[in-house]
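Okay, structure first, notes after.
Labels A, B, C and D are assigned to the chains in the order they are written; within every chain, residues are numbered from 1.
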Amino acid sequence: MKNPSLKVALCGLSLRTPIMTASGTFGYGLEYHPLVDFADLGAVVVKGTTLEPWLGNRPPRILETPSGMLNAIGLENCGVEAFIHDKLPKLTPYDLPIVVNIAGRTVDEYPQVIEHLEKAQGIAAYELNISCPNVRQGGMAFGTDPETAASVTRAAKAIASRPVIVKLSPNVTDITAIAQAVEAAGADAISLVNTFVGMAIDIHKRRPVLGNKIGGLSGPCIRPLAVRMVWQVAQAVRVPVIGMGGIDSWQSALEFILAGADAVGIGTAFFVNPGIARDINQGLLDYMQKEGIDSISQLVGAAWK
Amino acid sequence: MITCQAKVILNREVKPGYYLLRLVSPEIARKALPGQFALLRCSTKDLTDPLLRRPLSFHNVTKEQGEISFLYQVKGKGTKELTRFVPGDTVDTMGPLGKGFQLEPTKGPIAIIAGGVGVAPLVYLACMAHDKGNTVYTFLGARSTESLLADPDLVRASTRFFAATDDGTEGFCGNIIELLHKETNHLATCTAAYICGPEPVMAAAVSLCAKVGIPCQVSLESTMACGVGACLGCTCRTTRSHNYSRVCTEGPVFDGREVILDEKP
Amino acid sequence: MKNPSLKVALCGLSLRTPIMTASGTFGYGLEYHPLVDFADLGAVVVKGTTLEPWLGNRPPRILETPSGMLNAIGLENCGVEAFIHDKLPKLTPYDLPIVVNIAGRTVDEYPQVIEHLEKAQGIAAYELNISCPNVRQGGMAFGTDPETAASVTRAAKAIASRPVIVKLSPNVTDITAIAQAVEAAGADAISLVNTFVGMAIDIHKRRPVLGNKIGGLSGPCIRPLAVRMVWQVAQAVRVPVIGMGGIDSWQSALEFILAGADAVGIGTAFFVNPGIARDINQGLLDYMQKEGIDSISQLVGAAWK
Amino acid sequence: MITCQAKVILNREVKPGYYLLRLVSPEIARKALPGQFALLRCSTKDLTDPLLRRPLSFHNVTKEQGEISFLYQVKGKGTKELTRFVPGDTVDTMGPLGKGFQLEPTKGPIAIIAGGVGVAPLVYLACMAHDKGNTVYTFLGARSTESLLADPDLVRASTRFFAATDDGTEGFCGNIIELLHKETNHLATCTAAYICGPEPVMAAAVSLCAKVGIPCQVSLESTMACGVGACLGCTCRTTRSHNYSRVCTEGPVFDGREVILDEKP
């Protein structure tokens, strides 16, 4: 058999592998650079970017939980202008599609951020974070109501020349309804899941551990929940789906692909194993070789039958 | 900065609840500086609990042998799992990380101030300062002789070695801050102090250094995920800027005048 | 200090400790009897009971996941009549409040099951399972809509002479809305959480692992999510709250109590450690002794301040 | 049925990927019957991965010494963690659980039919039958001599011992079913057969027993959570009733005529 291919075409982007980074876990790409070979990544999704700089939440911001972690970073970032001038130019020299994750306090802020980004070179796509549980206004609220989710999407699409990926919140009764609403509003792809809202209480201090009280749960613990949502959404929409939530091995990446994900995002697993992307690519290639599969795309949704 | 499977040479309980771990990693040993740290994976490969790597400061480094050692206190499940590694096993190790201590260019006396397992990062520093020709005054505190981590290398590197135990079972009877107050004359002659320990101890030591008018550096702790500045999870406040600083990259060593410490024990 | 007390009064029941069993994990009580001393339990909540016998789902029904497990039992049970004649009499001789967990395919089935149970002696309360993710009709659907949740509650309350506990599904956007709806409909207490909907895919067979495809996630992995929901619901209602989801130690039981739970349920942890109830009681007593707290009820919601 | 912290006497790799674990638990040893099993916690106390206990059949039991042993194959993370226990450690063990094999009251010949690690529960049974005076014909299959688990106790208890390896490196060259076909004359003289192995092997052996007209018992596997019949997670279908049966309590040993096995390898 000839060499199997991991190449994926995703809403106009060509990825050399379906492995993307999950926003907020990979900084602006370069923090991990000596440890992660960019050739192992299909795309890099940078930290959530907002119109103005955001300070973020007060510490503690993270906490380990059984097979997972809570985070309440609060979208600390330098703002879109500083991103364009200080961060982006360092990343563009690499041969790697760059996806900018965007957040806002109001619906209007999303197109405003995009307006700035449209002037910049070297961006492959936008990802709208309508699902961050760690900011008081906006954030997740946009992602829990189909109407609002659709209007954020429409506002972004109206101005964006690049593909718009919408990232869904899993903290909803019916995620397919939100997915269909953003698809109808023009989303070019859907990514899911963002973190699940959780908290932990310090039994000695008798108050929540995190400075922000609540945080977002990520890591292997949420994987079964994320796989179920990807399974449902991928069958309910026609646009490509980027699956994520607890992927930490080629086996778990493949679970998402079989459930219907065209590409997958890796977040928390980078913290545990910075070489995870390489390991997944290798594992997928070995599996495909053994099973006689030419192209990874043949496996997308293969578990639906 | 690399990740590697570092072979265990030794993993021994040196005092009840405190372990010395020695690993082989020539590449990390070559680059590691005093005050920098490594992230160690405490579970075996496919297990997801404990999930995150644990940060440990370099306790000592022998570049010739390519060995790095850590002194750790068994606190929770990560460090408890770490005690299970035996010589011949490998530990998934990532480092060196962070910004370490800055040794003064002069050969003036320096002060090493450590509470409890806070001594861990200071041994490597003391050895290096001693080799450079500095006079080293070491102030080491603990609950009791049972937990006083008077590492032989540290004792050797120290021109004067002052110990304090809360229960008086070894050295001065009292806490390390009381000891420092008693020895202010030594402290005041120093060109810099290097401090690590529980936050209230660090806070008091920083105040005292300010009072006697010497600069000081402290090594902070924070829960970490990435260790490389990517996740923004480990931040602390400093007086340096309006923004948060990342303990893993702007630190873990900060100028004592800049940090905002919790003074409550 | 005098000995601290674990006694809890809960919608008319007096429990000697806030530790209850979670339905479906403790069978009909006697399966675990040689291993669990009933004196360590505040109440036993038996397996979900339906009007007719249910066969349950086809295997595989369970699967371990990172720090948790998926189950898709499908409410296999012998039906209410067989329960009353074969199971209940074996449990009533013990000095232990018995709570019967009830499920149905239609709203009407809930009061019908209760009608049967009303004739039986030795039952302390009913728990309405409006949140089981593993049955096609009814089950969770009742628990994801405030209106339907309220009507099940009203139908049960209309006929029940005993307290009615309503068990909520966590698979919703706003759990406080459901909690308030069932409270307004007369619920005497609220228990939460039931399992989260999840799934796993067999990468070799390329199909879902579980016979039922989807299942319910329980165990320590869901604890941060459950604590958050208990925290929110307990502050939004006046009726007592029974918190559960991943409790596996006195520390985690205390987290739920500090978050506002009057009592707690233990499920998956029995599988790992059948002595868990004793361990939790001992741990709570030691903590209270050390902290100078007379009664566990003083700790309920202590983290809200 | 109890839970206890059972001290490890031995935990040794007997063939590549197969371990023999011996624990001290007088109370379990006193009650354990062939075909019953225990649930072992494979992680250390506070860890939640692997979460559930793993079921292992009693491989052998010495009531005098109060020892129970298990023969296990390293399959996934639970059994991998189990290999880390060393003599002196304790393993959280719960048992005895389930319904074991029923030995015929007569002293007629019996057949022991085992594929791979399926031999684990049959050694204790063979020893007991041998002590009782039964003639024991043992049929043991494996991939290769490297994985043929010909336990010395089993060989000793067997009146005749037939081995088969797929690659012919030991005994008959072929799989265990082919071996049984070859030895039907022995099988046909037996008053009962006791079968454990991969499902397709058990299915074929059950058919063969039916053909030669002898009753048989099989030991089934299923993923388990509680092990005591409380969770209904481990159920299988039998021809006995319309309802599902719990492998942990109605089994793991079932009458070969009742079980519904998957014949695909």
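Throughout what follows, a residue touches a chain if its C-beta (ideal position, glycine included) is under 8 Å from a C-beta of that chain, and two chains touch if they have at least 3 such contacts.
For clarity, every value in this text was computed on a predicted model and none was experimentally measured.
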**Asked** In terms of CA centroid distance, which chain is the most far removed from subunit D?
**Response** B
**Prompt:** Roughly how far is subunit A from subunit B, going centre to centre by Cα mean, in whole Å?
**Reply:** 36
**Message:** For subunit B versus subunit D, what separation do you get between their C-alpha means, in angstrom?
**Reply:** 52
**Message:** On a C-alpha centroid basis, what's the spacing between subunit A and subunit D, in Å?
**Reply:** 46
**Request:** Give me the residues of subunit B that touch two or more other chains.
**Result:** 46, 48-50
**Request:** Please set out, as single numbers or ranges, the residues of subunit A touching at least two other chains.
**Result:** 66-68, 219-221
**Asked** So how do the chains connect up here, line, ring, star, complete, or something else (other)?
**Response** complete
**Prompt:** For subunit C, which residues count as touching subunit A in their complex?
**Reply:** 65-68, 70, 144, 171-174, 196-201, 203, 206-208, 214-215, 217, 219-225, 227-228, 231, 246, 251, 254-255, 258-259, 287, 299, 302-303, 305
**Item:** subunit D-facing residues of subunit B, complex
**Value:** 43-44, 46-50, 76-77, 80-81, 84
**subunit B-touching residues of subunit A, taken from the complex the two chains share** = 24-27, 31-32, 34-35, 47, 55-56, 59-64, 66-69, 71, 73, 76, 219-221, 248-249, 268, 270-275
**Asked** Okay, in this complex, where on subunit D does subunit A touch?
**Response** 48-49
**Asked** Of all residues in subunit B, which touch subunit A in the complex?
**Response** 1-3, 41, 46, 48-53, 92, 94, 222-237, 242-244, 249
